[in-house]
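When the chains are written out, they are named A, B and C in that same order, and each has its own residue count from 1.
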Amino acid sequence: MIWIYYLPVALSGIGGLLCLIPKTRFEEDVSIVASFATLGASILIAFMPDASSFGLYVDGFSKLMQLMISAVYVLTVIFSIHYLDHIENKLFQTNLYFLLLNWFVVSMFFTVMVDNVGLLWVGVEATTVTSALLIATDNNEVAVEATWRYIVIVSTGLTISLLATIFIYGGFHTLSLNALLQAPQATKIVSVGALLGIIGYGTKGGIFPMHTWLPDAHGRAPAPVSAMFSAVLLPVALYTIVRFVQIVPLESVRNFAVVLGSLSVIVASLMAFSQRYYKRMFAYSSIENMGVALIGIALGGNAFIGSVIIILTHAFAKSAAFFLTGNVLAGYGTSAIKDVKGVSKTMPLTGYSLFFASLAVTGAPPFGTFFGELLIMTRMISVYGAWFTILIASFLVVAFIGINYRIVRMVFSEPDGQYKHLDDNATVPIIGLAVALSITFLTPVIYMFLRGVAVK
Amino acid sequence: MFNLNEIFILVGFIQIALVAFMQWQIYISSVIKTFSVGSYFLAAFLLAAGYVNGEPYLMVLGFLTAGIRAWFIPGFLSRMLRRDRWRARELKPVLGIASTIILSLLFAVFGYVIYTWTMYDYVHSAFGAIPVALFLQGAFLIISRSNPITQLIGYLVMENALYLFGSLFPELPFVVEAGVVLDVIGTVMISGVIVRLKEEPAQNTEVEDSTRREDFTELRG
Amino acid sequence: MLLILSILQLLYVVLLAPLAAGVLAKTEELLESKKGPSIFQTYYDLAKLFRKESLVPGVALPFFRIAPYLTFAFYLLLTLVLPIITAFPLTFGPVVDFMGGGLVFGAAAAIKKLAALDSRNNYSHLGTSRAASIGALSEPIMLLIFIMLGVISHTNNPYVINNILQTSGAWYGSLVHWFVTIAFFMVLIVETGKLPIESHSMGELGMIDQSMEMEYSGRELALYKWGSYMKHFLLMNVFMNVLAVPFLVPMALSIPAVLVYALINFVKILVLVVVFALLNESVSKYRLFKIFDYVAVTFVFAFLAALVFFTTRPGGGF
């Protein structure tokens, strides 16, 4: 039955290949079938035991990641079909778009299931290769510049994590996750490797020192691609960091991760507060969420579960938010916040769900992000004391106020007639929001999945 | 017959000198050629290492390096140059050339100091300083130039540095090395497309630094 | 005996330096498929200049007239203290070491610059400022090179350095030595005014050293020219005898060996002259502000030698 574990990679890979068949609208049908089949396979895997042979390392956390990737994949494909019609000057044909989208998903599935730190790097770098062109789908100079920054910054950052991989190998003389997680004693060289790994993969995950590509890429990519980036690509990068923290559970490594995570939260909150473009604002919100999740990963225990809850809720809520910004962008033709007025009047479904999505990603109570943050804060008080926790929490509040204030102004104001053609197509985002909300009630299930994984 | 350590030092310092040379060159085609020469040296080192240790695996890797890093990628990049090859050049260096050369050297020295202070105790080899220095020099090449192809070369220099660093340890699994090579090829190919897209408008409008224009305000802040 | 050898070395340099310049000119012309002047043309020129009348600008100080004699004397002094046909110190050997030699070279250059300023000629001023700004950067590099040679030999004595490189294959083959050699070669091109730094056409745009002697004529000009032939000859000797090919230089006192080596040494110099001729014919001149990029690369090589030393010394690290 081991072949079932390979199904997600195989199905989406084949789906990508079939997109090459030049037949009108065929690639869309193929992608829908492939994405649903992948979702089915992921659900099937969720009920199977953990696997750790044949080059696989699939534990509860991997299964959750697979479920998340395939679910967002389904939503993105469905939304893309409709949304691509809004893009006038496309860089390539739609079948190439779907080909890249499918293979982008393949590279992420590959990353979360391989049993080799080296191949983990290969998988993450492959996500760069497959996703770079997607950013430039809307072919204009600014998008191309954003793509270029994405390639250069992320590739450079990932060379650091390759260095980290070499250090890990130098310390343990093996790269297999199975062997590494059971390795007896972490040596000094390995801790250097883990620190470098956090910086390197942090680049991809939008963690502080090298997060600068993220707002550019998210702000300029077409809505479904931004959704994919924010919802699943960043968590996949965090997945690798989780593995590094698991391999080297030293105090220094954790403190380092907490510092980087806190800096990400602080920088992102301040930047989100002063944004003039709504997609960039949500991009900074992603950095903030990933920062909080990284803190949780570093703290371990219940905080790690909190991180996973944040990651999952954020994935669905943020993808919904980006889909909706796509609708707004298509309707109003501008990405500046001040030019968008009265979305709730012009596009009622989009407007109200955008409001709820914005609440969800900033950590408002009924959503999982709030409970995840609560779990992390609780743990943080016991480890780092109350003052530090209050500092981080106050920056979260800053981001909450900044983002929601702007979204409220966009949604509940009087429309001033500055819109082109309105297309209030919000089915997919509403489904996403519903899933995001339901994660709150699925917390026991998540806990069950993570029982064997918990970061020590 | 050979002393591998000496070959490592020789190849490593040739690479460092070549990066300083790249900082000197304004013309893109000579930067690409310099990179190609550096990669041939790297390949020669791997071949020598494979020969001395009697490991066919390293020799295969050497041929792979010669074929892909020294021959294919530079060839691909020089085909990216749209205008006459001898005219494609860095239009507006961020800093003066002389100061970037000196800074590149300082980055190498910085890499050496960092290495001896932090990592030397763990790696137990003074030679590890060479790849670390090269790594920082490559990063500086990316920062100091605005031409996309030169930036890409800077990234590849960093990759080469890691290759050199990896050879200090007993061999990495071949699957990993092969995967890394594949990814590098993919990155270069994708970047090629983006470089073309970036150059098109620049050619039409004759604007040297398009990022200062009005539509780019969104990318600030 | 040492005194006789000293005089022999003095004559060797004074008499053969113009010949090397003549061979360079001839080779360049031959490479251009021209017939070219005789290799003795430099001697004819010098003889002619000595016969000519000397004119001095009315505003110049007496110093202006003395400068050529002074610089010539400095170069004569250097002739006596560098390893040219012997690898053991001659009578005046202990007078100065490498640093001191560098200082004497610098003093001669400074006198030449002051005299050029004194001439009140605009082109001389131009050349002086160019030479000064390039020299300000290239001389520290020279110093760095000497320091690295000191690292190799634990001394600044050119004779000792030659002996060590001649006998120790490990040092001769080391990357430290070769980076120093490359750096010295690049400085040599700057100091002797070869392409790509300086072209010896009559266009004043690229002139550096040439323009500083514009107001001189007759015997003073002859001495300047002869002095600069000697300077180039000496620097080429230092490069060949101490750094690049330190072999065969007699390390023990033996008259026949020294005499034979004198011939071999000239062959070495001719090889370097041919290299220079090839360089002059194959590269084009840099624009003036690009010279500083070139000097920066030279600095990189000299400094990398230090880095190599630190990396490769036993035990490595600090």
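Just so it is clear, a contact is a pair of C-beta atoms (placed from the backbone, for glycine too) under 8 Å apart; a residue touches a chain by one contact, two chains touch by 3 or more.
Given the structure is predicted, the values throughout are model-derived calculations rather than measurements.
Asks: By the touch rule set out at the top, what is the minimum number of steps from chain A to chain C?
Replies: So the least number of steps between the two chains is 2.
Asks: Using CA atom means as chain centres, which chain is nearest the centre of all the protein shown?
Replies: So the chain nearest the centre of the shown protein is B.
Asks: Give the chain pair that accounts for the most C-beta pairs in contact.
Replies: Answer by contact count: the chains A-B.
Asks: Could you tell me the distance, in whole angstrom, between the mean C-alpha positions of chain A and chain C?
Replies: Computed from C-alpha means, the inter-chain centre distance equals 65 Å.
Asks: List the centre-to-centre spacing of chain B and chain C in whole Å, with centres computed as mean CA coordinates.
Replies: 37
Asks: Suppose each chain is reduced to the average of its Cα coordinates; what separation in Å results between chain A and chain B?
Replies: Whole-Å distance between the two chain centres: 30.
Asks: Two or more other chains in contact with one residue: find those residues in chain C.
Replies: Nothing qualifies.
Asks: Mind pulling up the chain B residues that touch chain A in the complex?
Replies: 118-119, 121-123, 135, 139, 142, 148, 151-152, 155, 158-159, 162, 165-166, 168-170, 172-173, 175-176, 179-180, 182-183, 186-187, 189-191, 193-195, 197-198, 201, 210-211, 215-216, 218-219, 221
Asks: If you look only at chain A, which of its residues touch chain B in the complex?
Replies: Against chain B, the touching part of chain A is residues 91, 116, 118-119, 121-122, 125-126, 128-129, 132-133, 136, 139-142, 144-149, 151-152, 155-156, 159, 162-163, 165-167, 169-171, 173, 175, 187-189, 192, 216, 219-220, 271, 274-275, 277, 280, 335.
Asks: Applying the document's contact rule, which stretches of chain C touch chain B when the two form their complex?
Replies: Touching chain B: residues 175, 179, 290, 292-297, 299-301, 303-304, 307-308, 310-312, 315-318 of chain C.
Asks: Mind listing the chain B positions that touch chain C in their complex?
Replies: By the definition above, chain B touches chain C via 9-10, 13, 16-17, 20-21, 24, 97-99, 101-102, 104-105, 108-109, 112, 116, 120, 125-127, 129-130, 133.
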